[in-house]
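Structure first, then comments.
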């Protein structure tokens, strides 16, 4: 899948967070979507209409395909959210539930 | 209604926005540049201040032109509101803004929309499979996170195909193939003139780089059909060439057929639009100062009509001059004198652009029946054609009927397709069919954000009974 | 051409016009329906879809109850279930004062012989609506109420009406209306002339102008009731919810999206066929929802809109004969007309064909506005 170019600047630090409970490390400026793709996650959610698998398409906040639940908040556009240490990210299956 | 401390809101941090804000601020307007991204650059100069790529060559010399714009902006005295979404603009120029999880309303004296372009939706069967993305998405991953994918297939038509291929090669990534859907003859007819226009704008290395891509990458031309296949994710792309169907294995397919104006905010604000028959897209109606049909709202850059990054800067500065004149900060004489340089520059780069438009003019062919035109609500081309055959005359009617366009993307990925499918079915021009009638909020926001808006006086006094 | 001289010309292709056309055609009348945009373009296509007998003006109650019976058989009437779901409608009492008001209304209804509304206590409210804040003290409920899908309903009615021979002329409005001997002559916006002994004015926001041309006064106020819809979430709400002291309308559709309305009007611009949203008012609806349903605070609003709706000063519609011969009106439903669609069509057809209706429509007479400046 996607790989990181080795020749990157030091703005890349290690940010550790989880996707569906699995530990993932990211660069400091990564969007959640980029970090997820880099860690091999391609399917972010299933469609609320048909249940078919969906993943990021545009990476710029236009397509609304990269929706993930982040720290309990559903339907976040993962390409528009920067990674944070300790973030809890979950892929979405059909209609997500609302956080209390 | 809260009146802003700023006179002018420039929306969009790309070349048009930065240029417009710089000029306006330099000449004394209290100016704020509002951008939903965290860093300046928009999409074309994405991550220009923060890219992790060490080798500047990878992205090409034209990319780095953006640094001048950033420098000017930072020196101009304009304010920058990053990570701030504009989700509505009223006719009174009251902007709905959202940042840090809170929304607010703020009224300005003038607004310049520099919201840029989006990739033209390129619907093919199977395009909703994970592993199918727009070419621009791969560029963003490269620029922002230094990521590439070996074995990528790039399909479609247009300058960006060659740009991303060159950038990938420069980064040492392997490209499986380029599937060029440009119709037969177009490239060869125009090849002698192509480098002058295309590569002078974007790559700066001219024919050499185009030749390098053609030398190093398998290029399949005259591709007439594409289909993405896979179980749960992309595994192969099927294509047709010279009447034969072939299959190519891949994990990543990048689709691209050009860019079109990002017109959701202009549309929702009430700016009238027109169909551009050459570029086959809608664009807001605007005069030579970018002024739209809504008083106090101007457009600049690719959001006004696709002319590319260099033109965007000229267009942004021209729009700023228009705003300065409207707000009586410069005289007509001064406005016209200063603008003449910008307009000359704009004319120069536009000449090249128009030629490009003709070579890469998108095909009027509509996607096949099973193709999902609307990804959000999963509405197929066949369903839209049926609804049109049964009497729906425009996209708004078909939207009510089939729900296409009702999803969160608000037509950004289906609007162009729906209009063209209906036009083909009715046998009329897309101009006669029209586009979705969009509404605010132009970007989603949570109930909590809307609820957090500062209460105004009438809220305090309001008896909640209707 | 027979099409240009029907028995009845219906003006307006919203739910009431189409329902009237259908019911007339069912009795054998030849009907032409004129619609200046497309059917369901305005209020009828974009409302909250509430099928509600709850919290009605007393004058509307008998009509609403009769309409609800028709909704329960809507599939027979129009060949489509219209997305009608019935999980009840609940009017929340936030405070004791609210509850007192609701109780008094329910008592009044019972005294008049109507038992469709009940008062429920805090405990039962929590059972029926687990997502509601426990600060709410109780509610009024109409258990047989529900919601349907407006545009789908309009199309279903239109399809059935066409089956019965109604001719719809969409994209064609009324340019001029005048009396010719024993008929009404309609000159359309496309220059056609239609004549008929009977016309039905279902022109919504534009009904006042039509009424004027036939010698009636009706001060129609244009409004733009605003709605918001969210991204889909898991099912959290079965009944439809409305507010009492604070305007609110909240329902979750089958596709998981949540529809938020609530009596806040934006700015109507009828002569340009459009409306403007007022976010400072939508903000209030969001505050209400957030306070009453805290778990919904994280919901993502993806779209807002506002239809063009006609409001009468007393909040109830105009239904019935006009002063001139051959004129009938059904308009001004003041943001709660959708549910009444089926019965209004039947009433109009009865008035035209049998010169009488079994429904008590006197409170809705247009004559109550005689002498008002439109």
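First chain written, first letter: the chains are A, B and C, and each begins at residue 1.
Throughout what follows, contacts are C-beta pairs under 8 Å (C-beta built on N, C-alpha and C of every residue); 3 or more make two chains touch, one makes a residue touch a chain.
All of these numbers come straight from a predicted model, not from anything done at the bench.
S.K.: Farthest from chain C by Cα centre, which chain is it? Let me know.
M.R.: That would be chain A.
S.K.: Closest chain to the protein CA centroid?
M.R.: The most central chain, going by mean C-alpha position, is B.
S.K.: Across the interfaces A-C and B-C, which one involves more C-beta pairs in contact?
M.R.: Greater number of contacting C-beta pairs: B-C.
S.K.: Please compute the C-alpha centroid of chain A, do the same for chain B, then give the distance between them in whole Å.
M.R.: 23
S.K.: Where the centres are mean C-alpha positions, what is the separation of chain A from chain C, in Å?
M.R.: 44
S.K.: Using mean C-alpha positions as chain centres, tell me how far chain B is from chain C in Å, no decimals.
M.R.: Chain B and chain C have C-alpha centres separated by 40 Å.
S.K.: Multi-chain contacts in chain A: which residues touch at least two other chains?
M.R.: Only 49 qualify.
S.K.: Out of chain B, which residues touch more than one other chain, so two or more?
M.R.: If we look for residues of chain B contacting two or more partner chains, we find 407-408.
S.K.: Specify, in ascending order, the residues of chain C that touch 2 or more different other chains.
M.R.: As it turns out, chain C has residues touching two or more other chains at 231, 296, 298-300.
S.K.: Can you list the residues on chain B that touch chain A in the complex?
M.R.: The touching residues are 36, 38, 43, 47, 50-55, 118-119, 128-134, 136-137, 140-141, 144-150, 171-172, 232-233, 251-252, 262, 375-378, 407-409, 412-413, 443.
S.K.: Would you mind writing out the residues of chain A in touch with chain B in their complex?
M.R.: For this pair, the touching residues of chain A are 1-5, 7-9, 11-12, 27, 29-31, 34-35, 37-38, 42-44, 47, 49-50, 52-65, 79-80, 82.
S.K.: Using the touch definition up top, name the residues of chain C that touch chain A in the complex.
M.R.: Residue list for chain C touching chain A: 231-236, 255-256, 294-296, 298-300.
S.K.: What does chain C use to touch chain B in their complex?
M.R.: 38, 40-41, 45, 151, 155, 170-171, 229-231, 245-247, 260, 263-264, 274, 276-277, 279-280, 282-284, 286-290, 296-305
S.K.: So in the complex, the part of chain B that touches chain C is made up of which residues?
M.R.: For this pair, the touching residues of chain B are 1, 88, 90-91, 96, 103, 105, 270, 391-393, 397, 400-401, 406-408, 410, 439-441, 444-448, 450-451, 453, 455-456, 458-459, 462, 464-466.
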